[in-house]
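Structures for review follow.
Two complexes come next, and they have one chain in common, chain A, joined by chain B in the first and chain C in the second.
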Partner chain A sequence: MSTSADEPGASFLQEVREILFKDLRLELRRRYEIYSIAIFALLANLSFGFALGIANPNVLEFVPATLWTSILFVNMLGLTTVFIREMDKGSIDGLRLAPITPQAILLGKTAYTFTLLGLGSIFIVPSSMIILNYSFQSDPLLVVSVLGLGILNLAVIGAIVSALAMYSESKALIIPALSLPLVPGTLIPSILATGKLVAGVTIDGLLPEIQFNLSFLLLMIAVLWVTFEYVLND
Partner chain B sequence: MTLFVTRLLKSMLHRMNTNGDVSVLTPCIEVSRLSKSYGSRYGLRNADLMVAEHELLCLMGPNGAGKSTLIRILATLARPSSGEAKILGCDVLKQQLHVRRLIGVVLHHSLLYDELSGKENLSFYVRLYGHRDRDRVHEAITEKAALFGVEDRLEDQVGTLSSGLRKRLDIVRSIIHSPRLLLLDEPFTSLDPEGVEHLENYLKQTKDSCTVLFSTHSLEIAEKISDRIATLKDGRIAEMRLAKGY
Partner chain C sequence: MKERPALAAIFLINLVSLFMIFIWAPPERSLGDQYRVFFIHTPSAWVSYLAFTLTFLFSIFYLRTRKPAWDLYASASATVGLLFCLITLITGSIWAKLAWGIYWNWDPRETSTLILFLAYLAYVSFRMSVNDKDRRARISAVLGILAFVSIPLSYFSAAFWATLHPMPLLPTAKLRFGIESSMLLTLTASTIGVTLLFLWLFYLTLNTYRMAEEIENVVLEGKI
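After this line comes the complex of A and B, so read on.
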């Protein structure tokens, strides 16, 4: 089994898949991240439930904000370490030494963050619905798509922040500081869209938020695509 | 002095090439006036180096002399401040993906994931090189692991292994794709005598197909297995000589 410089190597999608599966396998071995997401989701929703009062007739007004606050903090607390963990363990050099494009590393890590945050949302959303006693009136497929798009944006932001913070000495400061200007770009339309989903609005009524979130996603990906090579190299 | 040796080697290469005998000596590593600065301090300062294909060159020198910096630049892990470095004709800055396909690298720290088994780690890395045939991958892993006596520890989680066994597995990782150049930064550190013997034997055997640049603090090992020894001091190659065992 030998390798020469001119051999094609793995395809881009294969590279992305290898990194995603490797990270998921690592996660399954560790498990604490999944457990911490579940526990945090429960804790956050219980806190919101007690703070707002379950019998509060205006609770529906706060539901979108509480839901996305939980999702945001799960992302920031657990998943923005996706590159930092590799950096701390030194294994980032293994990825940098592999004959794969930086973009494949980025996409693999983003896919991992999205998968984990998506799995986390399986705890977060139902527990929020049960504790705050509400349901989505819109089409379930539309609900999943809109929430999924917002979660994907947060996953991309998580990957960006983690990549930018990995060489920093003061990661604890850098992570929230970098998140601050990026998060509102997707959080605000996602909260507005969620409010409409609870009220039972159809896709036509949600188009502005969906378009905004899609544009935000494309912009983030485009910026990362161009700059990530420089981010990854010291 | 270093520049003189490099030019001498270059002229030898040129003469051999013009005689048509390119198989004897062709350059694998060409380093020209390479510098790397960290603020006001230089990790490497105008270093010149030429390593022929199938040569085994040892880097020696005190801590901070620039051995690791040179290896990290050649491995595409660090950008030089100035100068040029080529591996088998590929520029380490401009053709990084090409270079990465050609090299195997061992650093001070392990690049293996503690939570995965040795086999899972090696499979992951070898698949990044595009090798996907499950049977061939398994065969290659077992074969290479046997060279370092770790074939029966492949199913163990890396985090449960001793540092010596982890180092052996890390060396296996670096050779799993049969690279044409091995860059080894103090590979003998934390190896037991058996591990040292495995590595010495491997390096001697691999010369037919691979070039090796390694750093060590052990003069005994350097003299025994390498062809030439380069001594770095203050970021410069202060001395270049043939090893006693050559």
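After this line comes the complex of A and C, so read on.
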């Protein structure tokens, strides 16, 4: 099957789009994973509800942490297999031989992880709001932007960790260990920002967290831009 | 046996620094003798940062040159750095208990040191889980760079919380430090001693890794 990325002079964004659509097409054939994410989201939020006690008057203090813990676990358990799957099926060699730059492959995989994690959050966030009985007081657009930025950072981490883990004999088992040093850099500001969103803080009050998460994203992209070809090219 | 004079010198310097730490340095005004853990904590922290910086630099050198020696240096430095980072965490917790009454207070420096420890623990675990030598070296080099870059991020993210940790010992405008000169001298001696100990352990670890690699090569060639 010929794709636009095969054509000479295909732009970088076209290459990214081809990788993203290829993975999304594959994902649609394996819809059970999306259902599993939804069930996991529900289960995680129910567990937090049981652990904290719904009638607990201080439950609002724990809401941001429980929400991001659910998102993080969905990212680690479900979506960091993006590269591992290519390795297991042997299609990683096809990716290496394709006329696509390693950076476009990484960005395509990140976009795919971000899409799935975003879809997962459509289950995670409302079920958390219903089960733990809270709502966001800030502007809805601000809520989506702030949560989206945190999720994008987790998607970048998920894609690179999966790329590193595909060479390990322990595969998925090494993912939490590899994620750990990278995750706090975005998780802590995201949790703090979510607490402010629940309290109804405006954009001015959220600037430190947004700036930090943006810096994190730019730094990660810069480092991976330079190093990722060493990860992919065997 | 050419290492013996160096080993004797390291032993002697550490003996002198131990004497200074436990006998020569005066007790601190508020914490008394309990503060002496500081003379082990600070040099260990410095050495672990040094070790991980070396791992970062050796990883870059490996990716640029693809010489296996740089990979061995990076690995040895990370392994020994882990040991000193663990000492930093343990002595830091003791210090926190003495000074603030709790072993762990989620202070940014405490938290980022724990993340640093876990990052290089992951680095070492990852190396163990990859069999192919070239792959292991290449991917570990990328991981060595990523782990190092993540440390300031972890620190600054944790710094959103209020800090209880004392400020670093930076000289004031008149080039005076915030501690007595005898304490500063003891700190300098223990830092030199611990740094030399690190270099010695780095050398030993490197030799062990080289020997392990030679044995592996002999086994692979079917000579055993």
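We adopt the following convention: the second predicted complex is superposed on the first by the 223 of 234 C-alpha atoms of A that agree within 3 Å, B and C clash if a C-alpha of one lies under 4 Å from a C-alpha of the other, contacts with A are read in each partner's own complex, and residues count from 1 in each chain.
Here is the rule we go by: contacts are C-beta pairs under 8 Å (C-beta built on N, C-alpha and C of every residue); 3 or more make two chains touch, one makes a residue touch a chain.
Here the structure is a predicted model, which is why all the values come from computation and not from measurement.
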Determine, under the contact definition given at the top, whether A:R85 touches first (chain B), second (chain C), both, or neither. neither
Go through the superposed model and pick first if A:R29 touches only chain B, second if only chain C, both, or neither.
first
- Based on the superposed arrangement, let me know which partner A:I188 touches: chain B (first), chain C (second), both, or neither? second
In the superposed arrangement, which partner chain does A:V231 touch: chain B (first), chain C (second), both, or neither? second
(Q) With both complexes superposed on chain A, which partner does A:R96 reach: first (chain B), second (chain C), both or neither? (A) first
Task = Could you tell me if A:E169 is touching chain B, chain C, both of them or neither one (first, second, both, neither)?
result = second
Going through chain A, the residues touched by chain B and also by chain C turn out to be 234
Interface with chain B, chain A side, in the complex: residues 1-10, 14-15, 18, 22, 25-26, 29-30, 89-91, 93-94, 96-101, 233-234
Within the complex, chain A is touched by chain C residues 63, 111, 115-116, 118-119, 121-122, 125-126, 129-132, 135-136, 138-139, 141-143, 145-147, 149-151, 153-154, 156-158, 160
Listed in rising order, the residues of chain B that touch chain A in the complex are 75-79, 88, 90, 95, 97-103, 105, 107, 109-116, 120, 124-132, 136-137, 140, 157, 173, 176-180
Within their complex, chain A touches chain C through residues 160, 164, 167-170, 174, 177-178, 180-182, 184-189, 192, 208-209, 212, 216, 219, 223, 227-228, 230-231, 234
